[in-house]
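So that you can tell them apart, the chains are marked A, B, C, D, E and F in the order they are listed, and the count of residues begins at 1 in each.
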Amino acid sequence: DFDRAFEEVKPAFGVSEDELQDCLSQGGIIHYSPYIQNILEQGSLIVNQVRDDPAATLYTGVLHGPPGSGKTALAAKIALDSEYPFIKLLTPNSMIGFNEAMKIGHMQRIFEDAYKSTLSVIVIDNIERIVGWSAIGPRFDNAVVQALMILLKKQPPNGRRLLCLGTTSARSVLQQLDLFEHFDTDIAVPSVNTYNELAHVMQGSGAFDEQSLQQAIRELQENKHNDRVGVGIKRILKNIGTARQNPGDMPNEFARAMNKSMGESNIQTNEYS
Amino acid sequence: DFDRAFEEVKPAFGVSEDELQDCLSQGGIIHYSPYIQNILEQGSLIVNQVRDDPAATLYTGVLHGPPGSGKTALAAKIALDSEYPFIKLLTPNSMIGFNEAMKIGHMQRIFEDAYKSTLSVIVIDNIERIVGWSAIGPRFDNAVVQALMILLKKQPPNGRRLLCLGTTSARSVLQQLDLFEHFDTDIAVPSVNTYNELAHVMQGSGAFDEQSLQQAIRELQENKHNDRVGVGIKRILKNIGTARQNPGDMPNEFARAMNKSMGESNIQTNEYS
Amino acid sequence: DFDRAFEEVKPAFGVSEDELQDCLSQGGIIHYSPYIQNILEQGSLIVNQVRDDPAATLYTGVLHGPPGSGKTALAAKIALDSEYPFIKLLTPNSMIGFNEAMKIGHMQRIFEDAYKSTLSVIVIDNIERIVGWSAIGPRFDNAVVQALMILLKKQPPNGRRLLCLGTTSARSVLQQLDLFEHFDTDIAVPSVNTYNELAHVMQGSGAFDEQSLQQAIRELQENKHNDRVGVGIKRILKNIGTARQNPGDMPNEFARAMNKSMGESNIQTNEYS
Amino acid sequence: DFDRAFEEVKPAFGVSEDELQDCLSQGGIIHYSPYIQNILEQGSLIVNQVRDDPAATLYTGVLHGPPGSGKTALAAKIALDSEYPFIKLLTPNSMIGFNEAMKIGHMQRIFEDAYKSTLSVIVIDNIERIVGWSAIGPRFDNAVVQALMILLKKQPPNGRRLLCLGTTSARSVLQQLDLFEHFDTDIAVPSVNTYNELAHVMQGSGAFDEQSLQQAIRELQENKHNDRVGVGIKRILKNIGTARQNPGDMPNEFARAMNKSMGESNIQTNEYS
Amino acid sequence: DFDRAFEEVKPAFGVSEDELQDCLSQGGIIHYSPYIQNILEQGSLIVNQVRDDPAATLYTGVLHGPPGSGKTALAAKIALDSEYPFIKLLTPNSMIGFNEAMKIGHMQRIFEDAYKSTLSVIVIDNIERIVGWSAIGPRFDNAVVQALMILLKKQPPNGRRLLCLGTTSARSVLQQLDLFEHFDTDIAVPSVNTYNELAHVMQGSGAFDEQSLQQAIRELQENKHNDRVGVGIKRILKNIGTARQNPGDMPNEFARAMNKSMGESNIQTNEYS
Amino acid sequence: DFDRAFEEVKPAFGVSEDELQDCLSQGGIIHYSPYIQNILEQGSLIVNQVRDDPAATLYTGVLHGPPGSGKTALAAKIALDSEYPFIKLLTPNSMIGFNEAMKIGHMQRIFEDAYKSTLSVIVIDNIERIVGWSAIGPRFDNAVVQALMILLKKQPPNGRRLLCLGTTSARSVLQQLDLFEHFDTDIAVPSVNTYNELAHVMQGSGAFDEQSLQQAIRELQENKHNDRVGVGIKRILKNIGTARQNPGDMPNEFARAMNKSMGESNIQTNEYS
């Protein structure tokens, strides 16, 4: 199994398996739609190519989709399932308040560590945050963008192989920055869109019995504005938590929370909605 | 009662109960409208969820409304009523003249302290001031905005739970900065709008007898421009203070002051008016 | 009397009574129009409220008007007449060449000193200069603006009371910067506008006998462009000085100087003209 | 032969023959079109002129073309084939995170080293990355641009001769920056455009037998959007690698990958497509 | 006489009489037009007022006019003729390469020195250069502009009197910067405009005999584009120098040089032409 | 002769005769057109005036023209022929990577050295590069521009005389920067424009016999787009070098190279073409 296999090849330098595990909620990945399996399979193909194709010593892909759609969780899952000896998360969380030089230094150290392993995967999470993007201006850390561009194209040293998986909720930002085309491939991660998918997520959460599930769904569908769900799985799981606070009235409570989320996702001028 | 309960769980690291208490005037919260109770109940629900829902280890909300509408007082009230062991105010007042790095360091320290407690609430007051927003340019401390974005989304360490309550008089600024959508929920705080509500505030202040109250209200309503009040409770309380300086002519004095405030709130191109 | 009263309460930390006295010319305030008395009374009301109203622990007002209209002198007069134990002038003159951090440090020290006294008044003179405003760009010290915004809203510590009186010749600049609405009240200071008022100032200066006064006024009125005076008292007093250089021809000399000043004030695209 | 010749003249200071060799994949240059030979011949002419023409002590040329078209490989090939005693690669890869001063220092050191040899070639790879270009703003390291402009025009010391070969995927950027006209000549590097050329590349890769080659080509041509290939050789070689992962279904797998690449190159608003 | 008077009152701290003398060419001021006398008289009036009017402890004026019209020479003349004990030139020449802080420090030191004398005059030469103005951007040293604004309005200490004379070829720049209105008065300095005035200058230079003078003028007037001269005295004196190089053909040589200067002054989109 | 004369007056401080000599190719100046002589004579006149006219202690001129037209060579020639004791080249080549302060320091040192000699000439080469001009933004080192403006107008100390000769390929840039009008005179340097001039250059190079010269010219003229040459002498000399590489086919090779250069000079939106 994976855990054992992993233990065996664990190299001396830092592996952030735990950090990546933290990106997955306890319930793990819920296969609420065939897309999910499809995404994981695309990931698996890339993982294999980097491991096996002598020419593919560097491969880069970016997962993009609306906020909370599960990009980080899916990238983490692909990375953890790769069973590569070096697995690392590059996240804005550990660079709060870093200036450009510190960010670049941090990134370079992670890539240098990766170059020491024969087979490595780096998850570059939330790229718009890593580059400090603000739409007003617009402002961003150009030196960090440039460093990313170079690192995403720089061949690892002889005999080493590297897979980079980025995530972003702002594809158009990455396109404007010319960062998007620096990835070999891109993988779209959707929201939960149909009521069928929503029901799947509710079942997967284990919080509803069949009757209250149906009741909640019915209530949502009565609202004529709600022709599709269009809410990320992350918020749906939060809303289930909120509903759980009111055990006597879970379906209503959940419907109320979902209605608000769905309203917001309608208003948001999000590029993915 | 609260004070005792609080004493018991007081942790070693800094708790700014006093600082938050200072945000409430001596008269406390005046329930001049059902909205006020409603806001406090929304706060209470969130407080409970963060305490009880195993999945909701991080919850963030922002109180927004016109200047002086009572956002800070209400956020402080919710925080103080939470009875959480860690309660902290993050305010621009203690960051005057800080550069971006110092601001971020200060914020990080407060969040680090919060992460040490099992259950914490941080009030992030006057966010447009924390990020140094000026409409001319526009200018703002982008690194501070980025740090806030990350901190508002970063999961506390295992077993720790965190509630963040922001306040702002500039919702549209937060929206432009993409900060608004980084909060899980938002709570609108209104001005005092009807004459009924105004009368309620006047009674709550204990400064007027019934007759002088009616006289002042009548005087205000005679001004045909004054179809609604539209003044924040903070200024109303200040105006009551001004009127008190002239005990012989309180109703007139108060009406005069209110007329000026109501005129200004008509002119102001404020997004909430 | 004031001088004695003041002596008695003089606190240990710096009081800039002299500095404020320097803002008044030797002739003192000339009551050339009822507006002047009205402004001083508005000031006096505020002074009383801050001293007496338990709720008004912080009050802020801004005097605004065309260049040389007497804003600084009137603010200084109000402050000196307040008989508060702590009186301080915050002026760009003592911050020449300061960078943002130094300016903010200087301002903070003055406010800290004020917070040590039970009752304090700070005159913040020439705010557009303190914040380094230039219309080209526009450019300004944003950190200084932010610090001012916070200081103007920050409650003094328990038991301390603070009055802040700002002055500016650029109300619209302060409005653009959102600084204007950070003051509780604003007081407009006019130019000398009617020939009656001008005659009043000339009398007050003691430089003209009745005949030469009338002669000068007549001469000015003959110029059909001069339907109103529209010149600040500061320049009028300077022009009287210039005329005095030519004792033989004072009325003409004065009229000539005034004509030039009035021409300029017509041309200037000043927001107050 | 080249290797021996090179060994003999190897000077003391750094020669990055290996680094340049790394720019060529193991299969080397595939002559999929007469253009390739033509480019190499143009390079050879310049190489000879710098070696032999007493007046041409400095010659500069830039290879430009769409991403992945083989610019770096061709520049490296020309440099390696020059048999000059000093061969050096100036690449953004070794300047990640450098600030302007460090970049310029690094560049100057390389040019100084070159000036010490009687005959030198410097490959300046990926110039848009060296100058840190971002289209948003636009932003770039102006001091680096200026330094490049000067270095590209500065005569080597007496008796020394220098050839500079730049590469870029962003000709229009270099033109906007006035850098393009600082080169004596420019050489266009095309994508693989016809199906004939594509077949040539596939053969050259040695991965396909004749039948599967034809099958893949046929499949691609059936897609009516695919009237021309328009994909850089770099990606084509990557796609061959991907197809190789699925030995049972190589033609299909390759066609699928190529279809995606061709779609992207249609969408991309690239100046070369 | 002046020299002796000056010696007697020479204070310890630096007086730049020499520096100011250098601003006058050996021929001194040529009174080619009544304007010149008029300018000097205006200066003299101000000089007297600052010396004698008890209220005029600070007076500021700015000389403005086209390039080379003699602004610096005239300001120097007024200052030297003032016979004030403290005379100082504040010039960009001694601040080459100074950053904002150094410039401001230098200016402050000069003003501080002036404040030590009972009666002082400071010539602030070429203000657009002191503030580092460039029309592209536009760019300028805002902190220097702010410091100048404050210094031009700051009262000298008790008993001290100060006259400031600025010069500029860019009145509209000073107006844009709001610096122009910070001067109490402004004095326009014209070009040499009529052929009469030109003849006057030529005579004053002592380089022409009557005949060659007439010949040169005639030659210039034959050019129908030359309806007015419109050239600053500085260049005219330079042109006379050029002509002198060719003693055999002075009138022609001078006419040729003048024709070129007059052509340029026609083309220049100068605000004064 | 010049060499001896020069030796005799060589001052202690640095004279960059060699550096200037390097700006002239071995063939020296080719008089391909009467313009060339004319430019040198204009230079000679100025050289004489600075040496002899007591009033002309400072004279500045700028040579401007299309890239490669020979500006630097001609300025160097004028300077070398001046036989002044101090001759110095101020070139961007020796300021690569300098920041503004370093550039200004370097320039000041050169001017200071010049001020030590009684008679000096400074060639300020490639001014647009010295000020770091980039059309995007536009960006430039404003402090360097300001320093140049001041240095170009600053009188040398008593008894010293200075001639400054600038060069630029970007007259309009210097005009935008207001630098152009800071020169006393400007001298235009043309491209090689007629086929007659081209033939002259070819002869001057000594590379062609009469027949091959005619053949090359004829071939060029057959191309109907080539009504005028419009190529700088620098490139023409380079093209001759290229042709020389192919001795068997010089006329054709030269025509080919020239055709390309002439095409480029047609396309270039250069202000001089």
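Rule of thumb we're sticking to: contacts are C-beta pairs under 8 Å (C-beta built on N, C-alpha and C of every residue); 3 or more make two chains touch, one makes a residue touch a chain.
Just so it is clear, the structure is predicted and the values come from calculations on it, not from any experiment.
Under the touch definition stated at the top, chain A and chain F share these contacting partners: D. Note on chain B versus chain C: their Cα superposition corresponds to a rotation of 60 degrees, in steps of 5. Averaged C-alpha coordinates give centres for chain B and chain F that are 69 Å from one another.
Averaged C-alpha coordinates give centres for chain E and chain F that are 34 Å from one another. Computed from the mean C-alpha positions, the centre of chain B lies at a distance of 59 Å from the centre of chain E.
Residue positions of chain D touching 2 or more other chains: there are none.
If each chain is drawn as a node and touching chains are joined, the picture is one closed loop, every chain linked to exactly two others. The ring of chains, read from chain A with the first step to chain D, runs A, D, F, E, C, B.
Residues 22, 25, 67, 92-93, 96-97, 99, 129, 132, 134-137, 139, 237-238, 240-242, 244-245, 260, 268 of chain C are the ones touching chain E in the complex.
On the chain A side of its complex with chain D, the touching residues are 45, 48-49, 52-56, 101, 104-105, 108, 138, 140, 142-143, 145-147, 149-151, 154-155, 176-178, 181, 184-185.
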